[in-house]
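I have a structure here, written as C-alpha cells, and I will follow up with some questions on it.
By letter and in written order, the chains are A, B, C and D; residue numbering begins at 1 in each of them.
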C-alpha cells in the first residue's frame, strides 16, 4: 500500500528537521500514548497503542530507523511494528523543501505492507486508517512546531 | 425387468436426514473427554522461523499440550506426492510437498507453526496469543513472472529456481500452421485465484481405542480410503487398524481431495499420543489460508487461422501458480493444456507451461481443475478472431467443430491420467444449434439494437467446452441383499452432496428390480468398503456407478441361480421382479428376496462346493480411458456502463454427459457449477498483495454469489452414450463451472460493442470493468451513454 | 462476571438449563451444549447464514449472539421443524421434491430463514424469494431449486 | 473464531447501564444488536474486557410519534423500524433505506442506535440520519445532552460519544411540506457494504424552488458525509437536469474516497456522481408531488 502526500509546516526547515528526529516529539505524533526511545544512531524503539472503531486498542511494538539522512532535506524512515492482530513493515521517504514565507513543504511517500489478521479482514479500512493516522500525526507535529516556535520567540 | 430407475427423476434417499438436522457431519462428532485444537499459523508469507516459544501457552489453564515441529520427531515428514509427473519427454518436475508444522521457514500465510490442544476451542484460541514466534521476514514470491526472474527470492532454495515444473507438448507442427495462416491472433490472458469455499470447512476428529488397538478418524475428505492407507503407514499401523469415516460432507469441490493436510496428519497422532479423542474444526478464516485454492495462470496464446475462420493451429505458453508446495503434481496445468483444444478440430498445437512456486496457499484442483483456463483462452481467441474476420462468433465455432465421424478422436498429447488425450464420443453441432435456439440468438441482434436505443446495453455470449471425466484407476462396490429384503450398497467413495446415495441406489434397484427406497447406500467408511480412490475429476458416478452396476449384475446372477435351486426350476424360468423371485407362469411359486437371502446363508446343511454364501457380490471397474463430456453455454447480460455493474438476464446450458442416471441430479450439478462459474467470472477473487498477504480472508470481502446474483439456468440434455462403460455415463460434477467465464466475457464485450474493449482477464470486477470503460472512453471520445 | 452464568433457554419447546461462559456463542451452545447439531456453522461472522435459527419467532444468526442473551427466550432450530416424527414440514417436503439441497450443509439455515418469511409473505414473487434468501449462501445448488422449493411450499401451504 | 473472555453485565434500566459504563469506561463496550461487534469479537479484533448488554433495557426499545417528528429508542430493531408504518410516514427516507441494510436476519437483531454509534463509514443508517437532520440523545451518569447528527459523526468510526455516554434516543424531525427523498447505493452484492451510496432529502417551495437540500454520502470518506457544496448548488434554483448534473459534479469534487480491493478511489468518486444524478431526480419528483399536494 502506498500512502503519499504533501504537508506544509509553518516553520523553517531546520526546526522541522530537528522535530522529526526527536523521539519525544515523534511519540506525540503517533497514536495512543506512544513511547519512543532513541536506541542508536537514528534508531528508535517503543510502542504505540492503536484501536479503530470496534477494534480494541492494543499495544504495538515499534522499531523505527532513519536512513539515507541528508539533513535537513531528506531521509528514509524504516518502520516495523507488531501487534496482537498483525504487523506492518515499510519505509517512508521524506523530503523537506523550503517554501515562501519561511514554511517547509514535506513530501512523503510510504510503501507499507500490512500483515496478519488485520490484513486479511480489515482491508476495507486499512487505506483510511493509514490516511487518518498520517493526517493526525502531521497535525500533531505541526502543533508541536508551533509550540516550539512560540517557546523560542 | 419392469422397474426403470436409471434416467428417472428420483427424489433423494439422503434428504430426509439432511432436512431434519439428523445427518451426521464431522463436526457433530462429540466424544467424552474430547480435546479441541487450534493452530498457530504464520502471519508471514515468507520468513525464516528463528524460534517458537510455547511456554506461556502451556501454563494456561485448560491447555493440555502444545506441539511444534520439533516435538514430532521422526513423525515430521513431508507429505506424499499424490500425482507423479506424467511421462512427457523433456519434463522437469521439482517435488516439494507440504510439511505438518513449519520448521526453519514458513512459506505462506496460514502455514501451521504450532498446534494447541485444549479442553475447548475457546481456550485453545486463547492460548494462541501466548505463543511467541520469532520470524525473520523474507521478500515474498507472489507474481508469476517475477518469480522466475534470476534474482527472485526462492520459495525452496534447494532447487535454485522457483520453477516447479516445465512441460511442453505438441500435436502436429504449429510453426508450419503459422506459416500457412492468413491471420494470427495473439493475446495475453489472465485467470486469477479463487477459493472453493465449501460451506462446511474442513474437520478432522480422531479417537484411539487402546483396548481394541484401533484408530477411528472422522474426516471431511473426498478420499477416505487413501487417507486410511496413508495414516496407517505414517502411524505404523495395519490398514485394518485404521477406520476413516467421511460421513455427510458439506461440499467438497476439490480441496477436500487434497491430502495430507497438516491437520489430517496431526490430529490422529495427537489423539494417540494424548490418549483422548481430539477434534479440529477449521474456521472460515483458516479456510482462506489453509485450504487449497486454484486458478492463477497467465497465458500467452496465439491462434493461426485461414481467412474463412478455420483454425490451423494454436500455440500457448503459460505460467501456472502452484503455491508454496506441489503435492498434487501437474494435474491442473495438464488439464488446462489438454482442455484448451475443446470440441475443435485443431490440427496443430504446441503448448508449454511452467509451474511456479509462490508464497501463497497450495494450489490443488477446485471444480474445473484447470479446465476453465484452457476453455477461456480458446474461446476468447475464437471471439477475437471472429471479430477481426467479420464472422459471427457462433459461426466460427460451427466451422471448427470436430465432426461426429472423427470419433473416437486422439490428440498426441498426454492427459491427466497419463493416457493420450482421447475423445471417446461426441456430437457437438446439435448442442450449439439447440443452445442458440433456446437463447433466441437469431432474433437477439434486433432486440439488442432496439434496447440500445432505449439506453440499455445487452449482449450475448455463446461458448463451447469439453471436459475429460470419469478417469481411472478404479472404484469398487459391494452389493448385498439383506435378509430383511433391503439391499445394501457399499462403495469406497466419499460423497459431498452429489447424490451418490440415490444415483447408486437407482442403478442397483434397476438391476435387481427392487424399490429404490429399499436400497441403502453407504459411502465413505473404510470399514464398509476398503478399496478405491476417491471423488475427483467428475468420476464418482461414472466409475463407482459402473462398479455398482457390475456388482448388482453379479448379485442378480446369484439370485437367479439360488432361486432356481430353491424353487426347483431352470434359471431361465425364474422371474425377478418387485423384490421377489417366482417361477414363470406359476406366480404362486415365489419367494421374497429377503427369504432367498436367508436361504443363501443356511445354519445347517452344506453350501455347495463352488458356490458362496449370501446374495452378495463385489465388483470393480477401471476404465481404460476417461469419457469426454461436452456442452454449450449461452448467456445474455445487461451492463450498466455508468456503474459498470453487470446483470445476467438469461443463462442456457446444453449439456452432454452421456446417459443420465437422474436428470434432476445432473441439473443440480450443472446449476451449482454455473453459480460457481459466475462467481469466478465477476465476484470471486482472492486478492494477494505484493507481500503475499491475502487481503480478503472472509466472506465479507470474498464474494460468493447469492440468490440475487445467480440466474435461473435453462437446460437441455444431449445424450451421446460413452462407449467406455456399460451404462454409457460421462461425468458432470465440474461441467457447469468450466465455460462460464468465457461466456461472461463474450457477453459483456458484446453488450459494450462499440466501446472497443476487450476482456482478457477473469475474474473481472466492476472496478476493473470501470477502468476498461474509462480507457475506451478516453480512446473514443464519441462514446456517449444514452441515458438509461 | 466472566464466571459461568446459569441460563434457561427453551429450544423447540423444551427448556434447557445450563451453566455457560458468557462468551459462548449461541451456535456452540445449541450444537455442543445441548447436542442439537442440525444447526450448522459456516463462517462465524454473520455472512453465510448456515447457523440461522429462530429467536422468539424471528430469524437470527446464532453465531452473532451469545448463549446468555437467549436466556429466557425461545429458540427454534431445524430439529423442531417437522410436525411429527417421520413427517416433514411443507418446506422440507418441497426441498426434497425439487432437489433444493445437495450437500445439505446450508439447508437448515435456509429453512429457518424461510419459515418466518413465508409466515409474513405467504405468496411471494420470485424476486422476493431471492431477496429473502440473499443472506444465505449455498455453494452447491445455484439456488434455482431452492427458489423452486419455496414457491412449491408456498403454494401448498396456501392451499391448506 | 471464538471470542476472547469478557466480563458480562446485563442491566435492565438505562440508569443501571449508565452506572456500569461510568465504572468501566474505556474497558467496556456496549452490546446493542451485536451484528457488527460480535463478528469483530469472533475475529478477536475486538476484545473488550467488559461487555454491557443493552438488550434487556426495555426503555430503550420504543418508537413513537411526537409533535416535532419521530422519536425512537436506540435499541429499536432495524427490522421493527422497517416494518413500522410510523417510520414509513414520518421518515420515509429511512424506510426506503432500511431494506438495503445487510439482510433480514441481521436487521432482526441489529438496532438503529447501534448502527449510529458504530458509525461505520459504509453504513446506510448514519448517512440517512445525517440527511434527515436527526438529533441524538446521549446520556451519562452526569446528565443528558442532545447532539445533532452533523456534530455527532467525527471521522473514521468516530462519534462525539464520551466513553461513559450511551446513545439513548433518536429524534427525526417531521418532514416539511414539499419534501422529497431518495436513496441509492451500488454494492457488489445485495446486502454488502456499499461501494458508494447517496441519500438525499430536498424541499421545494410552492413555486418549485429548492428551499433546502441535504445530500449525504456513504463509503466515500472517513464517515457519513454531508455534501454541502452540492446542496448549495440546488438551493435557490428550480432544479433542472443541468442543476442536478452540476450538483453531482460538486459531490465528486468534494470527496476523497478510499481505495480498497473492491473499488478504486476514482471508481468510488464516479459512482457517487452517478448515484447523485440518479437519486436527485427521484427526490425532486417526490418533492414536487408533495409540494403540489
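General remarks:
By definition in this document, contacts are C-beta pairs under 8 Å (C-beta built on N, C-alpha and C of every residue); 3 or more make two chains touch, one makes a residue touch a chain.
Everything numeric here is computed off the predicted structure, so don't read it as measured data.
Annotation: C-D is the more contact-rich of the chain pairs A-D and C-D, by number of C-beta pairs in contact. Separation between the centroids of subunit A and subunit D, computed from CA atoms only, is 33 Å.
Centroids built from CA atoms put subunit C at 49 Å from subunit A. In this assembly, the C-alpha centroid of subunit C lies 29 Å from the C-alpha centroid of subunit D. Chain geometry summary: the mean Cα position of subunit B and that of subunit D are 44 Å apart.
Shown for subunit C are the residues that touch two or more other chains, namely 21, 23, 44-45, 131, 134-135.
Residue positions of subunit B with contacts to 2 or more other chains are 122, 283-285, 687, 695-696, 698, 700-701, 706, 708. Residue positions of subunit A with contacts to 2 or more other chains are 117, 121, 123-124. The full set of touching chain pairs reads A-B, A-D, B-C, B-D, C-D. Across the complex, subunit D is touched by residues 52-56, 58, 85, 117-118, 121-129, 131-132 of subunit A. Interface residues of subunit C facing subunit B in the complex, by the touch rule stated above, are 21, 23-24, 31-32, 35-45, 47-48, 50, 77-79, 81-82, 88, 92, 95-99, 101-108, 111, 129-131, 133-147.
Interface residues of subunit B facing subunit A in the complex, by the touch rule stated above, are 43-45, 109, 129, 137, 285, 288-289, 687, 689-691, 693-698, 700-701. Remark: subunit A residues 1, 84, 86-87, 89, 113-117, 119-121, 123-124 touch subunit B in the complex. Residues 1-5, 43-44, 186, 188-193, 195, 261-264, 266-267, 270-271, 274 of subunit D are the ones that touch subunit B when the two sit in their complex.
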